[in-house]
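Residue numbering begins at 1 within each chain, and the chains themselves are lettered A, B and C in the order written.
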Amino acid sequence: MSKTYYSPTHEYITVDGNVGYIGISDYAQHALGNVVYVDMPEEGDEIEAGEDFGAVESVKAASDLIAPVSGEVLEANEKLADNPRLINEDAMANWIIKVELSDLSQLDSLMDEEAYKAHCEAEK
Amino acid sequence: MVHRYFPHTSADIAEMLKRCGMESLDDLYSDVPDSLKLKRNYDLKPQMSEKVVRDFFEELAVKNQPLTCFAGAGFYDHYSPAVVQSILSRSEFLTAYTPYQPEISQGTLQYIFEYQSMMTQLTGMEVSNASMYDGTTAVAEAMLMAVAHARKRNRVLVSATVNPIYREVIDTYAHYHGVTVDTIPEKDGVTDVAVMEEMLNAGDVAGVIVATPNYYGILEDYTGFADKIHAAKALLIMTAPASALGVIRTPGEWGADIAAGEAQSLGMPLNFGGPYLGYMCCSKALIRKLPGRIVGATTDADGRRVFVLTLQAREQHIRRDKATSNICSNQGLMALYAAVYLSLMGAKGLREVNEISAAGAHYLAKRLVETGAFELKYPDKPFLNEFTVKFRGEVKLIDFMEVCTSCGCLPGVMLADDELLVCVTETRTREEIDRYIWRAETFSKATLPSFAENKNIND
Amino acid sequence: MNKKYYGKLIFELSRPGRQGYYLSKNGCDDALDSLPANLLRENAPELPEVDEPSVVRHYNNMSDNNFGVDTGFYPLGSCTMKYNPKINEEMASLPAFSILHPFQPSATVQGALEAYYELQKMLSEIGGMAEFTLNPYAGAHGELTGLMVIRAYHESRGDLKRTKVIVPDSAHGTNPASAAVAGLKVVEVKSLADGTVDVEALRALLDDTVAAVMMTNPNTVGIFEHNIPEIAEIVHECGALLYYDGANLNPLLGVARPGDMGFDVMHINLHKTFSTPHGGGGPGAGPVGVRAGLEKFLPNPRVVRRQPGGGDALFELDFGTEKGPNALGRISAWLGNFAVELKALAYILSLGADGLKMAGPLATLNANYVKECLRDLYLLPIDRVCKHEFVFDGLADKSTGVTTLNVAKRLLDYGFHAPTIYFPLLFHESLMIEPTETESKETLDEFIGVMREIAREAAEDPETVKAAPLETPIRKPDDTAAALNPVVTYAEL
């Protein structure tokens, strides 16, 4: 059974066991506009909760990707290298990295969908 | 007061102040604490007429002594066609800002695109940025690029045969950026490949910097370097004077990942050190890590092919402290210089420049050795238009330098008490070269007064 | 400017066999063929083959699609696009300077060294500093050099824990980028509603890990940081140095000096305050000045003046103590963009003490005048006397849907350059206007008239404004396509 969590910096993580898929939320892709490039880590890299692990670029903006959890990168979504606009088409389906979580308890500090919606409302 | 650069009449000033609800120009600074105000004039002369400004510069000018240049060491006396200066002085180019508004900046954007295209042709690389300040900072930034690319490795190897001025700038940038720089020693004037391999094997290397021709003028054989460096997951950074790239094996052909260096040799005036032009080219895979401006082609609303600044999200005004570099301009007008120069010269002209320069340099080297006053420091190594000699005369090299200078000639750059780096470009005539040879021949045997009496030695 | 798009590339004019040069030979035997083949390139570079008249016409046609200060008014905030005097160009290209090789013996370049020394003395007087280096090539390069000077100073005292630099949230993007290149960690300090730095917030950030605080004064919203004496005091109390970003020095010419405000290190953009042309992005120059006591941290080489035995002055190059503990080392090949320095020298001589004294106040007058004449139609978020520039937060009437970008592009149709837009980041619709002292009241009135007309159009015919520009050589280039699939050379077209 997978479950999706959100960070205040608009990353999501969909977790299944100790494996998670991290991407940016639909709200974030809207705010950013046309995505032209995704800077991704490599397989085997370690990410640390609260630290940036890459960036999403549009024509005139760039947004750092902040890791919602710590862990090891299992895979970077190579489809995004060829076609970064997939993020605009469906941000939730087109995750950026697949990770193995090192500390499942870090999920407790993230938001569920409802809390995240409220968070976005407050930011508008 | 009235000044020719200020259009304001006193009536204008009065009317404008009134519109602002103020009585005097001082009121505009009511928010500046009185204690901070300068209550006197600057300790400078009063305004000068154009004539007096001109006199001021003429007075300085006569304190300089023009010399016939046989010095290189990274800065070369190539010919500058009249067309280039004429085009650079077009005020639409000269007085334009950075092309942030592409609709009214196609002139600038187009020449940068041409410049990028030409530099990739010269270096044999896939992409180029819109230029850097100069060769030294371009190579230093290439080092930062290699470190950014390598993420965790932050050691860079620099060959001992790289121009020491470049090395000093690299060291400064590295020190503050937290990069470790190690020297690959030289052996008989070229990079010691065996030691480089050991250093690579020690690990942690992000990039290796080598030069062609190297500081001593030698064309090093870099066969196998790229494979060894890439096997260590490091990047090969190669620097070369742009003009020489018209004929020598290119960084691209050597398998370099980044080509960065000085393009002053494309006919730019020596100008006592600047402005020059740094170039920076790389493989397409590295384009996102390439610092500075990049111009790209696209289409406009009417379907026409047009040019824009692109990949701007890498740059400092968007990424701020996450940017690859803090550079926020390029060397705009000097990139135009390179584009116009290369348009005039073409591949054939650039080849001729190198042919004539190399012919002169090889002739001078041979004849200097024949005088008995000099010997080649690296007699077995190939060179293009710059070479290193050891002085064997009965007097000191520094005395020979002084005598040449007093005859209006700069005979080269001293690398050691008895070593001279000599360069010949296509601007040196046969007569100038022969006078140099004659001076070496005579002076190495003569005493100073008898030499100075000879009338036919001045350039 | 020609509104018809030229658009050809030099490569497209190329025909095999044409050439735009002729070179005299020196009569020496060919040497290239004797070099080992593997050291020479396999194929010639693909460069254009064009005759001289075609080259001249090509670039002149191209220049016709460019806007420059000599063509029209640039109300470009933070860029100080003032008139570039013609005499400067002529002085900078005097052969007695332009043919000098950097490695000529000092005795043969006394005029050049004296010019450098004179300019650094003048900038020291204007900045209220002890000494300037002219070696940095641009403003950003000056910032980087200045921060290196600051780090060298802390290192010399063995104070190695100072790794942070504090910058206001309104700072130019180069400040944090330069800090990062210099190996410093950036901490932002908030601005108050009036655009000035929040002194209490700054105080809370200051401790013994702070190397420097970078300030722009007047700041990027054009407001003078009147708390600067207090800021200097608390910064110095914590052992950090105060850095002055000289991007906005122009309005203070003749009025106040950074050195007197307590700044320790500063840079100046010669291409802004001292009228050297921007050249479409360079070459500029970013001299760095320091207060007394910090001179030894300036980069090599320095130009020093000696007067042996009270005789004639002699200028020499000082390379510092080789690898000594205090020497910053080299940040440029030689003495910076020397020809650009000559232009700035000609400008300072032309204006003189009396002319410079007027430059700042007239620039400030022009800015306040434009602000007062437009504030009813454009939203003025900070209502105070400004210095050389000010910021509107877009049109006052937000119901039209016309954005700052639309206004900027519409200005192009009316023959003006756009202001700086979407900077500073403090406001959503920033529109930053800087009219320099070389603009006449008539030009400003014309600009004001156009800005008012655009506001009227926005209310009555918003679609026209949104469709702008309509009359420029090209229209709405596709930036997204350019970034998605970068085509950056002719070979890729």
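Everything that follows uses one rule, which is that contacts are C-beta pairs under 8 Å (C-beta built on N, C-alpha and C of every residue); 3 or more make two chains touch, one makes a residue touch a chain.
Predicted model, so just to flag it, every value in this text is computed and none were measured.
Peer 1: Going by CA means, which chain is nearest the middle of everything shown?
Peer 2: Central chain: C.
Peer 1: Would you kindly say which chain has the C-alpha centre located farthest from the C-alpha centre of chain C?
Peer 2: Chain centre farthest from chain C's centre: A.
Peer 1: In angstrom, rounded to a whole number, how far apart do the mean CA points of chain B and chain C lie?
Peer 2: The separation of the two C-alpha centroids amounts to 20 Å.
Peer 1: Could you give the separation in Å between the centres of chain A and chain B, each centre being the mean of its C-alpha atoms?
Peer 2: Whole-Å distance between the two chain centres: 43.
Peer 1: Quick one: report the Å distance separating chain A from chain C, using the average Cα coordinate of each chain.
Peer 2: 37
Peer 1: Going through chain A residue by residue, note those that touch at least 2 other chains and give them in order.
Peer 2: 36-37, 57, 59-60
Peer 1: Going by the touch rule set out above, which residues of chain C reach two or more other chains?
Peer 2: Expected reply: 479, 483.
Peer 1: Among the residues of chain B, which are close enough to touch at least two other chains?
Peer 2: Expected reply: 311-313, 318-319, 322.
Peer 1: Provide the residue numbers of chain A that touch chain B in the complex, in ascending order.
Peer 2: Contacts found on chain A: 36-37, 39, 52, 55, 57-62, 64.
Peer 1: What residues of chain A sit close enough to touch chain C in their complex?
Peer 2: 34, 36-37, 57, 59-60, 84-85
Peer 1: Inside the complex, what are the residues of chain C that reach chain A?
Peer 2: 479-480, 483-484
Peer 1: Flag every residue of chain B that touches chain A in the complex, lowest number first.
Peer 2: Where chain B meets chain A, its residues are 288, 311-314, 318-319, 322.
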